[in-house]
């Protein structure tokens, strides 16, 4: 691993730990959204179980997206991004480290919280490994795609709803595959094939999207 | 390309240029939000040069600096590095450039030492010793492990400027480096910039105050005269 | 290799002159082809053995849906050209084509819904094609919203280009995942457009309509681009004289 990559990872972790509230907010959001659904559709356990794959994935997707809104904002405002762009280090590598650090703390925590909420929705315990695995493969894609949007709108004073508008359509394949895998597991069908699809999406995202994020940041900084 | 023309804004010549200039801009134009800030700007920077960009607010001083640093793309004309267009040699520029913008990239949540360690690592990693020495050189001895958000604006500026005592890429582009500095800090920075130029480095900066100490190669570029 | 033609292509003045010569041809071709195709398709093509006359809406629905999809690819190509070769004209093309694409997608959705009513008995079915179209509309909205939100013209174009490129890589993935999702939930949907043995008399008017709609697109795009080029070049002398001529003629 390149030393700068490790250094940036350490730096970002340090920054995240010095403001832990920002890490907790997406988790609380995730839990609240999940809690809204039984209140909206009724507490009937059969219905909730049927809906649970979709609910968990939609809630996780929104939580990831909202946590990404400010991903680059403080770096943009304090001039850090300018330093990254003029530095001789490859920018895609830097943004990969940044997104990875963000995912390690907020994405991974989300993955770990999900089984608990899934059990509350009545998802049987035998589905939990598939849930964990699908979230583990899917959330990095969500983080990277969201980071592209965050990079493009970082220069705007009021991004507001723009990030979801740009990025949610791009989240659809992950949503379909993730909740589909879980539904298959719920019905006792094999899920390996679609987990592999999710894995290939993750590989694709890790290899290609850092370049898009870097391009987005260069554009935003050059404004 | 034509070097001079009747309608070109040619910067005042300080020293005669004998070799290929290190950094050169040709017929540069900058447009922001449908407004032309300057056009047909020519400029050359050779080792040892110091250039102060002056002009009223909104005349494009920061934009010019950002163009030189490769952060922005010109509307017309080009920036050349060692005689070749900047487009293909971003890496070459990056190796030779130290950029401190108006926002200097200092994180409030990190300590002065952590900030400097990271900013140096982006170019050339520096040891703890070197960082402490640099902080001492800008008068921040004893503030090494204080989170930067507890420092005053002037002290934060000093943390950023400590980079000038650490790594030594030849070209320094500094946007308003004197902001928030006290008298003693200003004098010290002026001397440091002069030293750098006398050692063959280059400095491009914007500031509204007139420098008390400047190298023999000092020049001034008034953007108001180049306004479209 | 000589690249001057390529950069000449990027010169606004050259574009304005050439597009002015092409525009009437595209417009006339579009009017002719669309007129012939519509009359042929709506009045003379044989009715469908299963759906009767209601199928005739495909003469609008299919060409428009075709155009809506290829327009997004055009956005991405224009974006790539603009980002790599820094050709401003590609930026103009991207921003001018996006709203047209969005409108085409919208028309495709509406005609799809109208067609769905007699066929499925309901205005909206979560059919794979319709759903993909809806997502495409969202993708267009994203690009338009981003272009509107960023004040700086060049940054807006570049940002839209990045988004369009990411989107175009995503489109096949979206398409396959939506098809998979559809087959998972509605295993036995019969698809209407995938009829292998569509007789020649039905296909020919369709072909005419597809060609016509592409000519129409070219004409509208050129019109919009010419206006935008004039706006951007308003300071240059050729644009000034052009505008004077236009205003004087009006």
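Just so it is clear, A, B and C label the chains in written order, and each chain counts residues from 1 on its own.
By our rule, contacts are C-beta pairs under 8 Å (C-beta built on N, C-alpha and C of every residue); 3 or more make two chains touch, one makes a residue touch a chain.
None of these values were measured; they are calculated from a predicted model.
Chain centres computed from CA atoms place B at the largest separation from chain C.
Taking A-B and B-C together, the chain pair joined by more C-beta contacts is A-B. Once CA atoms are averaged chain by chain and compared with the all-protein CA average, the nearest chain turns out to be A.
For the pair chain A and chain C, the distance between C-alpha centroids works out to 32 Å. Averaged C-alpha coordinates give centres for chain A and chain B that are 38 Å from one another.
Remark: chain B and chain C have CA centroids separated by 47 Å (rounded to whole angstrom). Residue positions 73 of chain B are each in touch with at least two other chains. Annotation for chain A: residues 222 touch two or more other chains. Counting only residues that touch two or more partner chains, chain C has 152.
The residues of chain B lying in touch with chain A in their complex are 66, 69-73, 91, 93-95, 97, 99, 101-110, 114, 117-119, 121-123, 125, 147. Those residues of chain C that touch chain B in the complex are listed here as 86, 151-154, 235.
Within the complex, the chain A residues that touch chain C are 145, 148-149, 152-153, 155-156, 159, 162, 165-170, 172-173, 176-177, 180, 183, 201, 208-209, 212, 215-216, 219-220, 222-223. Looking at the complex, you find that chain B touches chain C at residues 32-34, 36, 73.
If you check the complex, the residues on chain C that touch chain A are 83, 135, 138-139, 141-142, 145-146, 149-150, 152, 155, 158-159, 162-163, 165-167, 169-170, 173-174, 176-178, 180-181, 184.
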